[in-house]
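Here come two complexes built around chain A, the first alongside chain B, the second alongside chain C.
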Partner chain A sequence: MNNQTEKKNKTKWLILLLLLITVIAVGVTVWALFFRSSGPALTPDYAPVETEGNAETIPDDSGDKLESPNGGGSVSISYSTDVSIDLSEKTASLYFANPGKSNQDMVVQVVIQDTILVQSGTLQPGKQVTTLNLLDGAEKQLSPGGYDGKLVILFYDETTGEKAVVNTEIPVTITVNQ
Partner chain B sequence: MTHRKKKRLIRVGGLTLCLSILLSCLPIGAFAITADGLCDHHPEHTEECGYVAVTEGQPCTHEHTDDCYSIIQCVHKHNEDCKETCTHVCSEESDCITVKHNCHHSHDENCGYSEGVPASACTHECGEECAEGCIHEHDDTCGYAEEVDATPCNHVCSIEGGCYELVCSHAIAGQHDDTCGYVEGKAGQPCGYVCEECAASPEIPAEEEQPEPDEGNLVADTESDAEVKWGASIDKLTESGTLKAALAAAKDNSEIKYIQLQKSFATSSIINILGGEFTIDLGGCTLTGSSNPVIYINSSDAVVTFADSGTGGKIVNTTDAAFGAVKVQKGKAIFTGGSYEGSGAVYIEKDGTVEITGGIFTATNNRAVRNGGILNICGGTFTAGSNPYLSGVVCTSSGSITTITGGTYQEHPPIADVAVEYLTNIQYYGGTLYLQNYNGATPLTDLTISNFVNTFAVTDNLIQLPTGYEFYLNDDAEQNSVTELEKDKTYGIKYTGSESEIASVSITWGAMNFTYSDGTWNTETYTYDGAGWTAEGNTVTVENTGNVDITASVAYQNRSDFAFIATWDKETAPVPANSDPVTFTLDLIGKPKNELSDEIIGDVTVRIDQ
Partner chain C sequence: MKKILTMVMALALVMSLAVPAFAYGPGEGETLDVKAKYNTSTSTPTIYSVDIDWDSLTFTYNEKNTKTWKPSTHSYTTTTTEAGWDKTSANITVTNHSNAAVTVAMAYTAAATDSGVTATLTGGSKTLAAGVENQAAKADSVTGTVTISGKPNSSVTANGITVGSVTITINK
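Moving on, here comes the complex of A and B:
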């Protein structure tokens, strides 16, 4: 009688253990499929819905629009070619402005060796940034040192959000600090 | 085997099988990362990972023939004669084959050409002197010239002579085909996939990781017969033997205060110092190490003075490693003389203290002295390495305290005397001090300047901040810039970017609409009229609206393999400040492979260089 009870208890524990293992395995699978960080960032074909959180209004910006050819676009950009990345803060310090006279929204990317490390939200005309956040995991790809990189500036229609066929690349010097 | 045992075995076996099946689902597998970024979690390169294998280019083997210099455009019109079978063959005679003649020959002495000169009449009019007959002889003034016959040019136009324009589609439009063997070379791209499990990352050059030195040995073996003498003082060197024996004696016996090298020797392993208060006198000898570092002080009880009672005593690290000749992990090192050489010369960790009153510290690639602890310099000669990203005569890092009251600093321009790596506290007492933020660290803070004699201006270059950085008083919440520093006040350093050049550019582009047409069949000429591309708004204009000279370049990239190519009227142009805008015009050549209907066929990239 005692033996039978003991056996039953053992079977119960065995089933519980197997259930626990199954739950863990399912959990890991769900994490791997849905929550694991994905690969490098892709360039958006439409302007991000969210505007850049670090964007500031350009002081004393005239806002007089440039003349834009029919069906084309017209932008003005101001920038510095020095970019500094702070790995501990996960931020990039730079100067980039989309003056009010532009007719396009912009997204700026900081790229090293074709890897996008920083991608801003939408910068509307009249906005500038001096700080941008690194993309998730970008800090793992960098070590302190100096890099030749580039700013890639993508232009988007203010109304439709559609990406323009013209974009701009600006070579920059990037210094990465711990 | 009993029944119970059998049952237990079956259970264990079943459980093991179950675990094996479940664990095989986990995304761990083998953590094998190949050199090209592949691992179990990223077994194949994808579009997202950006990997592109290097493709070696192959030259086009197409050789121009006579056909490459001629255009075949049949002008024959079928008539009654060729109703049944047309016998027309295109030829130059029938004007179906036209050759673009583009002879650049200039007549020279070899071709024999000379222009003919028409005769001109003499303007002499007979007067009295010619009464008995004209005595005039033609001269320069009478204008008479005999007719000179022209001689023809004997130059014969040929393809080899470059007299015919190449109209080959291979050369003009780059329309390589399956037979010409052309393969465009492609630069490889590293795999951009970051595998969190394997911690693999794209190949971005990283600062060299330095291995921790071996701390296991009390005293590592040097060359077995390396000879030193040791004792209570330089005058009482009572013992002799190996450096290993001397260091062991000095650690255990506080009476041992002096170790003097007797000859130059080399070591391939780290010389650990784990205690004792003594002097290592180089005695004009050279200790050469191929370990990293050569001497490693790793005890808070250790106080080691490095001196050289002779001439030219040295500790040299022959490796490229950063820890250099002497690394102070814990304890204290005092340098009064001798030379210390390596990729870096002296490396101080946060629990280490170094005082330098003399000596020569030479880095070949790295920092002469890298301070992560406490560093006091009142003498010595320091030479920075040549690596612009690692150098600095003295480099100070987070939490370190550096006091500089003297010393001679020799830099590899434009490396600064002191590279301030992170948050750093520098006690500055005088002398010329140049600060360079290490790798552009921003912002630099907590520069405490005390005890200097005079108030001085930053513009005197006594303290030279990196470009774009300015001082402000730490107490000033608004961080107003200050140009004159006062005694016993603490300053922060802020990045203003004001000295960085800000460029401003306007870019305007047209609709960039391109329409391809096969043309209309002309029944009279039996040709297609109007075949090709028509463009609307096919220009990009770049205007420099700032004060920095720039160069603009344009490039077109097809979004798919449409089998036509783009040509620009120019691909790059300087756009100096205050100059007129520069316009680039894009045209397309060639017939698209597929039918297109209101599609975005490509992108234009405008590159702005300074």
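Moving on, here comes the complex of A and C:
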């Protein structure tokens, strides 16, 4: 009789332990799927293979190339200093253009407090963007309101894809909307 | 009597309700002017556009050595006959084609490597005036100069390493 009671108790504790392990496992899974912030984006050392899907051809762009010394670079950039982010759409609205006279490909990042929230694909000379997608999980790091941020413009050789040692930062005002 | 008086007073009340409306109107022969107006407004949104040009920022240290054979000791003596940089400076220029002024600042950041090489950046900071209509060739610009010195150590190979980077900040 005592043996049976003891066995029942052991079974009961075993079931409770397994239940506890299950609850912990489910909790970790839920956290990993929905609450874990994605790791910081890294600045590519070579131009991304993918061109930016949201890029459009700049209208009325002459495309006459700027002259640049051998091994150097010449770029022209046009931009707006206002950016707005739509959290529900997970997009950023901005204006940035790489006119045809540039001899470098470009990548645009939108950065707030040293966190890269947007990183474009390659923008070739003659292309502009007015919309870019947020990086995965970026919307979880933002709340509606105003932020001081910056555009970081990276330059890449059109032929080799190698990153130039010159880059540009442009302070912008970022408005985040739900 | 009372009835007659009442009727008279009621009639007087009804008559007072018909209030004539007095309006000023043109008299006979008077003319009125019909006017048309043209109102225009022009907005001039700010368009930011800058050109950035840079010389090659690759500096090569060339060293020529001569190994002299010493027959007495069957050994070589190495003598460096030539050593130095192919060039010691490179320029970076920013030109403002915006219809507003911009403030440019250039900064050099050394990489976290011990290469024996030192690079510095001078100049390159200025507020550039807005572009003037029909004078694109006279756009305001600023130039910064990167200067290199030192002698590369063994960490610097023939393929080259990145010893630093230049960041150009453009503020409105």
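In the analysis below, the second predicted complex is superposed on the first by the 140 of 178 C-alpha atoms of A that agree within 3 Å, B and C clash if a C-alpha of one lies under 4 Å from a C-alpha of the other, contacts with A are read in each partner's own complex, and residues count from 1 in each chain.
Note that in this section a contact is a pair of C-beta atoms (placed from the backbone, for glycine too) under 8 Å apart; a residue touches a chain by one contact, two chains touch by 3 or more.
Fair warning: this is a prediction, and the values are worked out from it, not measured in the lab.
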Chain C versus chain B on the shared chain A, clash or fit after superposition: clash
First (chain B), second (chain C), both or neither touched by A:E169: both
Which superposed partner A:G71 touches (first chain B, second chain C, both, neither): both
First (chain B), second (chain C), both or neither touched by A:P59: neither
Dominant toucher of chain A (residue count), chain B or chain C: B
First, second, both or neither for A:S93, with chain B first and chain C second: first
Partner chain in contact with A:T29 - chain B first, chain C second, else both or neither: first
Shared chain A surface residues [contacts with chain B and with chain C]: 66, 68-81, 164-171
Residues of chain A touching chain B in the complex: 14, 17-18, 21-22, 25, 28-29, 32, 36-40, 42, 66-82, 84, 86, 93, 95, 99, 101, 112-115, 130, 137, 140-147, 164-171, 175-178
Chain A-touching residues of chain B, taken from the complex the two chains share: 11, 15, 18-19, 22-23, 25-27, 46, 48-50, 189-190, 192-194, 196, 199, 201-207, 388-389, 398, 421-422, 438-442, 468, 495, 497, 500-513, 536-537, 540, 545-546, 600, 602-610
In the complex with chain A, residue positions of chain C that touch it: 47-58, 90, 92, 97, 162, 164-172
Touching residues on chain A, where the partner in the complex is chain C: 66, 68-81, 164-171
